[in-house]
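For reference, the structures are reproduced in the following blocks.
Both complexes shown next keep subunit A, but they swap its partner, so subunit B is in the first and subunit C is in the second.
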Partner chain A sequence: MSGLTRVSGSFLREQVRAPLNVVLLIAIPVFFVLIFASVLGEFAAALGGDLAEQAATSISAGWAAAFLCGTLAFFALASSRGADRRLALAGLGAWRVVLSRITASLLLGVIVSLVAYLTLLLRSGVEHPLHAAAAIFAFAAIYTGIGALIGALVRDPLSGSLLVVLIFSLDIFSGPAMTSNASLANFTPTRPASNLLIAAGGGQGSPSGDWIGAFGIAAAGIAIALAAFWLTARKRA
Partner chain B sequence: MSRRTMTATTMAFRDQMRRPLVLGLLILLPAYVIFRSIAITEATPRAVTLPGGAVIASSMKDVHGAVMAGNVIAFVAGLVGVFIMQSALQADRRLVVAGFRPIEAIGARLVIVATATALVVAVSAMVTALSFAVASWVPFVGGLVLIGLIYAAIGALAGAILDKLAATYLILFLALTDLGIVQNPMFGTPHGGAALLPGYGPGRVMVEGAFSQSFHATGDLILGLGWIAGLGILVIAVLRRALGERSG
Partner chain C sequence: MSDSKDAPGIAAADLSACGGVDHEGGVPARRRVLRAVDIEKSFHRGIPPFRRSIPVLKRASIEIHAGELVGLVGENGSGKSTLMQIVVGLLKRDDGLIERPGRLGYCPQVPMVWDKLTIAEHFELFAQAYGLGREVAKQSEESLLEELQFTRYRDFRVEELSGGTRQKLNLALALMHDPELLLLDEPYAGFDWETYLRFWEMSERRREEGMGILIVSHLLAEQERLTRVYSLVDGKATST
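Let's turn to the complex of A and B:
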């Protein structure tokens, strides 16, 4: 267990060794919530959504966690595939490498989610703080899975980062914050988490279906990330 | 263009053609985002102040149609700049060791960045035309080209100085703040410190072209050209130094 902790710590340090990475990991969620949220109520209304400003502010925290974790997971996987295979072959074993990678990715997701959550609490307050925290982490877990999957399938950093942006755009433009038309939105990955976050921001509870949906998709995201990291670290014939 | 620059450019294009997914995404991403965002915007009334000072009555749908291309181009061209310049720093050192002058290797990469930017601008302009009647195409497309080149140059600088993750976050941060919010007439007329950001000049030229058949944005155009010249010189200087140092 201590070996796993040590390797996970090394993987975490690998991602935050550049000081600017740390600054941006903190600054962007703060920026999203403080600045983007100030115009999001008006923007969502223009786009046919019916969000109150406070609910719109809440969703910006989820988006920040989603985009940052998606790109983090993509680059973590894309930049480490060779090294991870060598680590696994050198005796660490594929599963220990995979568990260390996923632990480091989720820890980064927790850090980003926490920054977004605290900014949200300080800026406008949330009537259901635990609901909001759970929903923001669900965004982070879902996009960790999406980013890792793209990293496993696409080697080129420009293609991969554009693909993360495309999926993020498909998701938010079809989500409940941006359109009241639910026909396509029902199929987007963060819809239940968005419903939870909007309800928490607006001071309302959420139906059990949204909780089950959000945590089911978040668990699927983590499982996909595990599979993606395993695909790149496993021994090849 | 020298023979060696031509060879390096041809090889750089061939290198890009090995990655058809990039080409598809450079078309699909702006097309989807622009088409979708205009399609779901309500036609609620919105007054827009043009560069000459005239105020026109428009709608949120039309304003979104006018500005969304600029937002997407800034972000995509910025990412293109980041990653093409990062691969240039890795691969072009070998060209310089093999006898190319740094400026010849850099020239090839700049042609690739400019071509990718032109593709994104062309797709964005065509998709915009499907949903929004642009008043004057020359300044509108001119504004988009300036936005694309400015952000591609910023991306190239970020790619030369920062690692991939930090450079990607920086482009997201800057493009969203600048063209997505500060210069965006959906949230009011840009004023005060807005003029200090790189998207101000070309953004105003784009808005002028979108809504006016006459042109009153000469100062904004000169400002945008100044940004291009300054950033272009910086990009060439940074890359020449990087390639020269590495090959020494």
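Let's turn to the complex of A and C:
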């Protein structure tokens, strides 16, 4: 087993070892897809949006992946800041710590996306399964970046977790078809991924602009996570 | 060893790459393992125009040779941990020169470990970081577990350990690659009396083997064991 694999494996184990975390990895997607989706539809109607039931169910799988990956990335960074820096200074080097952290976070993103995807598949079925899987993973990657960035910049766990939830809430309620004011949706990080997921759930294809947008923002999310991990692990002298 | 003064922010010199043997009056002296000269550090709080600077270190200098057990004392907030973190590379200095060996062990005041990983997994990760081979790492792990008497907790997660056992792990991780320079920041916090005595015996044994050791504490009761003590007052370190 290579050094990078061994360190990434330790970082991944660190995150999934808490029994409650494992329960939440399953419970949160189930809650979002089965319960939150219908609430989301009602909110959309109240805000003047026209989010259909099928679309709300599909997009909820993406929100589940986003919520889990955002909070897990935040707490991974907030709780391991000192230990990661010590390991880097001991000789592993900041970049190897960063690569191990991003590998562990993306593996976790894949697991979370898979659970959310399977929940969606069991709940309502998906017309374009590959499109939906890609869109859900884009949600996970974008929020891995957001959570890691907040973890690097905000030291207090309570303030940081509240900030993750605030950004998540603003993102949800200004998403596509959520309000009568469509211009708000143009500025949310998950807009192209949401469009892909809504279209995939309804059996429609998506324009290339949404694909490019979703992958571009997901790649930016991963790049931001890399930068956040590096900010934490780097040497200060 | 280079005595040129590097610019702030430039990595400290690696003593192992510079020879590092001093000669005083023609008699070979012990190899210098740490030289920190005129270290300055201020912390900045608040946002402009309400920003204020708090100077902590004002041209503080310390020096340690192989086989020395040196103390660094000072009141709370005097800058002891700040100086140590600058030496290690956890904090950036504003000015000054640092020369230190490549093989350095650091035991932070608060254990920097992962709560969900076991003691064995910590040894594995740090063996990887120090570049130790499988056999050397295993031997080092077993000997430190035995020496600090916490072998039975090897497969326990950190979150399941008492404060004292966490501190033993914290110390063991700094020692496992047999460093040339060992930096200990309040290393015996949480130790019981037996472990406290064992800690000093371990430190003295390593000093006799040629390790340079710096112990930071607000209170050093075992001064007779130390080669010398630096006192950090008003940002300056004076040797006694």
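The definition used in the following text is that the second predicted complex is superposed on the first by the 227 of 237 C-alpha atoms of A that agree within 3 Å, B and C clash if a C-alpha of one lies under 4 Å from a C-alpha of the other, contacts with A are read in each partner's own complex, and residues count from 1 in each chain.
Keep this in mind: a contact is a pair of C-beta atoms (placed from the backbone, for glycine too) under 8 Å apart; a residue touches a chain by one contact, two chains touch by 3 or more.
In this text, all values refer to a predicted model and were calculated from it rather than measured experimentally.
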Task: Superposition on subunit A - do subunit B and subunit C clash or fit - done: fit
TODO: Applying the touch criterion given at the start, work out whether A:122 contacts subunit B, subunit C, both or neither, answering first, second, both or neither.
DONE: neither
TODO: Between subunit B and subunit C, point out the one touching more subunit A residues.
DONE: B
- [ ] Please work out whether A:212 is in contact with subunit B alone, subunit C alone, both, or neither, and reply first, second, both or neither.
- [x] neither
TODO: Based on the superposed arrangement, let me know which partner A:43 touches: subunit B (first), subunit C (second), both, or neither?
DONE: first
TODO: For A:79, decide between first (touching subunit B), second (touching subunit C), both and neither.
DONE: both
Open item on the list: Touch test for A:7: subunit B only (first), subunit C only (second), both, or neither?
Closed with: second
Open item on the list: Quick check on the superposed pair: does A:18 touch subunit B, subunit C, both, or neither? Answer first, second, both or neither.
Closed with: both
Open item on the list: Just to be sure I read the superposition right, which of the two partners does A:90 touch: subunit B = first, subunit C = second, or both, or neither?
Closed with: second
TODO: Check the residue A:223 against both partner chains and state whether it touches subunit B (first), subunit C (second), both, or neither.
DONE: neither
Task: Minimal inter-chain CA distance - subunit C and subunit B, angstrom - done: 10
Task: Residues of subunit A contacting subunit B in one complex and subunit C in the other - done: 15, 18, 79
Task: Complex interface listing, subunit A residues touching subunit C - done: 3, 6-7, 10, 13-15, 17-18, 79-80, 82-83, 85-92, 235-237
Task: subunit A-touching residues of subunit B, taken from the complex the two chains share - done: 19, 21-22, 25-26, 28-29, 32-33, 36-37, 40-42, 44, 60, 64, 75-76, 79-80, 82-84, 86, 162-166, 168-170, 172-173, 176-177, 180-181, 186-187
Task: Touching residues (chain side subunit C, partner subunit A) in the complex - done: 9, 11-12, 86, 88-93, 98, 106, 108, 110, 112-117, 121, 124-126, 128-131, 157, 173
Task: Touching residues on subunit A, where the partner in the complex is subunit B - done: 15, 18, 20-21, 24-25, 27-28, 31, 35-36, 39, 42-43, 45-48, 67-68, 71-72, 75, 79, 154, 156-159, 161-163, 165-166, 169-170, 173, 178-179, 181
